[in-house]
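Several structures are given next for inspection.
Below, chain A partners chain B and then partners chain C, in two separate complexes.
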Partner chain A sequence: MKVEGKQAIWKEYQKDIAGDKYFYVRSCVRQNFFPGSETTFLRIMREELGKDIYEHPCHTTCTGIGYHGDVVPLDTMMTVVARQFALMTEAGYQNLVPSCITSFGIYTEVLDTWHHFPEVEAKVREYLRKATGREFKIPQNLAHASDLIYKFRKEIAQNAKFKLVDKETGKPLKVVDHIGCHYSKMFPEKGVGGAEYPYVLAGMIEDWGGEVIDYPERRHCCGFGFRQYLVQANRGYSVACSHKKFESMEPYKPDMILTNCPGCPMFLDKWQYAIAEMEGKTYGKDGYGIPVLTYEELAGMVLGYDPWDLGLQVHQVSCEPLLDRIGIKYDPLKKYNDKNGVSLGVPEKPSVMKVS
Partner chain B sequence: MKKKRVIVIGGGISGMEAATHLASMGYDVTLLEKDKELGGHLLGWEKLFPTMRMGKDVVEFLNKGITLSKVNVIRKAEIVNAVKTGEIFTVTLANGNKFESDAVIMATGYDLFDARKKEEYGYGIYDNVITSADLEEKFLSGKPILTSKGNVPKKIALVHCVGSRDEKVGNVYCSKVCCVTAVKQSIELKESIPGVDVYCLYMDLRMFGMHFETLYKEAQEKHAVNFIRGRLSEACENQDSSIIVKVEDTLAGKPLRMTVDMLVLMVGMVPSAGTVKVGKMLGLKFGPNGFLKSMDQHTMGTITNIPGVFIAGTCAAPRPINNVFVDARAAAITASSYLEGYDIEKRISYS
Partner chain C sequence: MSQLYNKLLEDVRFQEGIKACINCGTCTAICAAAEFYNYDPRIIADTVQSRNEEKIENLLKSETIWYCGECMSCKTRCPRGNAPGLIIMALRALSQELGYFVESEKGRQQLFMKRVVGGWILTYGYCLYLEGIGTNMYAEQGPIWDWRQKNWGKVLDRLGANYKGEGNGILRKIPEEALDEIRKIFEVTGGTARFEKIEKFSKEKAEAMNLKFDDGIDNEYFQHIYSHNNNTHNIE
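Let's look at the complex of A and B:
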């Protein structure tokens, strides 16, 4: 593997990412899947980096799941997107930052459509005007939230309390990076590093002390893919996709998987449990799974945030072995307490995969 | 009477052959070549399809023509300006030397498609992904064909149409020579590596030339080369540096996943940087695929929009060597008739 070959490609896919004053739109599902991630992102942006990042209480779904699931028509989706733009315009912001990869894909697709077909934009403006009386400006800059963490990865590294290094051996942790399909596979030039060798997560891993693993099924879908999972009859495809990835990465002995999509960490995390129950096989060390983190969780981890504030306790695969290897302290007794210290109850243990 | 002068730009096959013929017809010919040696891409090719004769034999034939016809050859010629003033062309080199002529032959050739643009194939990243030109270099060296780790490959796949017939990279045209080059190189691989399995991954096979079909049949029947109809979707590297290829076998109707020790990308032709640079200087028109445009596809091949400038060889379109020879001689004749006052445009009655 020649890294310089990848570096040449990375140079070609650099995008303009605004430096401050962001309008943040949350994901429909991430607060259920990984409840600490978006909060952690806002904390990092505001407290660590001192950025102005605003979220509007009235913003809604982008309709991406419904759109890709063929239940929301294109015109409806574009009008909902136009409303988000209107909220941003009214709040006095110009830089849109979606939390969700599918939303990022939706916004990118809509802006590209309007760029090539101005008459469609005019039609959507009319729909929005009739429905809500609102007007909007096109965002000056569109960046996914992971683009922002990538942009400020060196600042985060400077403030970091921990590195992605095994505290016993001093060796870098081996990290698999997995990009959401809608981040750059539809519009390679809109993603840092493009579609084939994306750099957005790899850049974070490198700057925070880890080592990126390139394995044969790196490009393969995580297993979510709306039609694979949302159509119940297709769920076998979903778990088969994840299984293919785990089998492919296993010989490289990864310490963790890093993701930037709502669906990928969900499925790569939870299907490890399902595969363990179905096949009796686990992919981490000593009967554990491979921890799967969001980029916000990883940033919070290196910055020394309490793992339970990051939401690592809701992962299916235990993160404690990873925390131990890095040397991050945590209180096991508080793992399943709420913010007031009251126990939420301890989940049942799986029959095959080891958990802490 | 003073001899009429012709500048031939480019010292590959077409430039050498056109220069030879023009000089043999009595013109004062100057051949400008950017490299230190004449021969162009042919210098990097060991054996030629479909006869497997040595490329160096053809270079020798071309060189002899240049010598016998007394063509004035300027090597390492970097052109910084080329203009037509009145009826006279002036070409200026980076060293300040100027050359004047009454006609110009553009023989600026092609560049090989940069396989790195097909990012999903991993050229320049994966150690065992090479191009057809790299493989030819290995053949030329005379050394055994080995993987990056020095092992004898057991399985090799050749990917057709890399950078050709591919809208994603902006090249919709066929490069003509890659299919038969893959057949030729497959046979050479089978002959040089005992027991190796060779797979050609193709869209369709364009065996248009005389004897190409015979070579293709020989590859299957005599050498047991496997031809799989399907375009490669991606290549990935294994831990041991072998390459996983994913392709749909469209005849079997099944997705195919295979591990090979070496992947060879059959790179096509793109207009050379020199073609673009000098073509713009002279005000020549370019076709939709970026190659130089002749005034009419059927009747005015070799003739350009600028009177006195003629095109020969692969600066106009991808062509195999035999066609380039014919094209070069045609360019010499059309240039000569122009210099003798013949106006072919008088024959044009269509718009």
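Let's look at the complex of A and C:
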């Protein structure tokens, strides 16, 4: 088939994503901040889609925050990554799926480095042998967990109980996408749609009934910056980045923000609270914030999962106005319960930003 | 030829990060850090390609190299395929190797990163391990985080985690034999040596600054590097 026109332009950004048999590695940020998202991802992959997705109890951090905080040397990071490859190889898998974008960037960087510097790969193999006695094969396919949801977005749409549509007006919800920087800024050809027009989240939004909103600072970083957020003295950097994005998207009146990086939804959620406390300003409707969702939460939401199973109760910005607009039912009295249905008490309310 | 430049060249990230920079400033235009700090990645690239020993030494001791957030937006945009973010990573590695990082306020913060993130990696096998890390240190986490901290294990349990449990799952206890392998990797690859250098140079700096120093996070030096900002770093 002759590839031409629009297809030709996008050809280099068509990503090969494996169809089954995945080795899953978890995200340190996700596990601490959005545990419900990883639970939901595995539920969708296994129960909705019937896929084989394997987790090894001995896998660890990739050292990502330490590496990009520059306290973990390159050789150390690469050897920890090589150990994850070894666990995958020993378990009989070839397709690696990281939950974390920083990890995805790191795995991509390691494979690219070894491609250009084969002597570095040989050195790392020797380090791993010396430290653990393990050997490994390079993954045949590397895809971020959001790539998988993107790949199966149409199947999810077929099983969906809800669409991203205002139940009163019938109009599509306006959704802002925020792609984690390390998804495709370093290696554009490794992400769906590249760095300029990444389509990994936009594809989900469109197929689930929403409308993607373009705005000037769409590609600006959320402001994690590793040591820039973690050290208190630098934290102004972080809030300044998120603030720039909120100000830029505000005129477009988005109904929600969708993210694919573990850290970004936390910053975009929490900085809205902090900006409201510092400056008295809120960005959502009627004094609320703009709900910020992970792609796993959104997939689970359209599939009709209970919002409190997804973990929407751990967001600082309330998601109830969004659920109400779509027409998703929830029990407010169960929001802050433990798994046995016992109340864990109610969080205090912020002084400025409205919450449900 | 500058010896420091040769040291930088040993880092593959430096080899990948700079060919001939044409000084167009595209990296600076897109840089998130350049909007906030007195920071210009174009000048970083130009300084290292000068191969001037004194200029590179000054850079390694400067505040400047610690401003980058490593978002790598520069990598996408450079028309010559350079990546100032990668140059920064090589500079930071060398600055710590030589002990120059303690000469700047922002560089001294590496002790925080080593003890906190490095500590979590080697103790638990996670980059973040946040039970007990409250809004006293991270106020922007808000009242929802206070609620989560108060109910840490129960909320994790509600959301399908296996907190501190055996086997698979979210925030499971990573088996001791796996952690031993990670620690051994740190030993054979220079990770442990890096950590020891950060400790050694930080201790010496604390003495020179007359600030109390011990191996915890409550000492005067540690608290100083975590929170002190001399307010000379930003764009007016």
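In this section, the second predicted complex is superposed on the first by the 343 of 356 C-alpha atoms of A that agree within 3 Å, B and C clash if a C-alpha of one lies under 4 Å from a C-alpha of the other, contacts with A are read in each partner's own complex, and residues count from 1 in each chain.
The rule is short, and it goes like this: a residue touches a chain if its C-beta (ideal position, glycine included) is under 8 Å from a C-beta of that chain, and two chains touch if they have at least 3 such contacts.
As the structure is a computational prediction, the values presented were derived from the model and not from experiment.
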Touching A:127 in the superposition: chain B (first), chain C (second), both, neither?
second
Tell me which partner A:348 touches in the superposition: chain B (first), chain C (second), both or neither.
second
Which of the two partners, first being chain B and second being chain C, lies in contact with A:216: first, second, both, or neither?
first
Figure out whether A:186 sits in contact with chain B (first) or chain C (second), or with both, or with neither.
second
In the superposed model, does chain B or chain C contact more residues of chain A?
C
Going by the contact rule set out at the top, does A:240 touch chain B (first), chain C (second), both, or neither?
second
If we overlay the two complexes on their shared chain A, which of chain B and chain C does A:113 touch? Say first, second, both or neither.
second
Quick one: is A:274 in contact with chain B, with chain C, with both, or with neither? Answer first, second, both or neither.
second
Taking the superposition as given, does A:197 touch the first partner, chain B, the second, chain C, both, or neither?
first
Shared chain A surface residues [contacts with chain B and with chain C]:
195-196, 219
Per the touch rule above, chain C residues touching chain A in the complex are 11-13, 16, 32-33, 35-37, 66, 68-73, 75-76, 83, 89, 92-93, 96, 105-106, 109-110, 112-114, 116-118, 121, 125-130, 137, 139-148, 150-151, 154-161, 166-172, 174-175, 177-179, 181-182, 184-191, 194-195, 198, 225-229, 234
Touching chain B in the complex: which residues of chain A?
1-2, 5-6, 8-9, 194-197, 214-219, 251-252
For the chain A and chain C complex, residues of the former touching the latter
26, 28-29, 31-32, 35-36, 38-39, 55-61, 63-66, 68-76, 78-80, 83, 105, 113, 116-117, 120, 127-128, 130-132, 181-182, 185-186, 188, 195-196, 219-221, 223-228, 230-237, 239-241, 244, 270-271, 273-274, 308-309, 311, 314-316, 336-339, 344-350
Touching chain A in the complex: which residues of chain B?
116, 119-120, 122-127, 234, 236-239, 241, 244
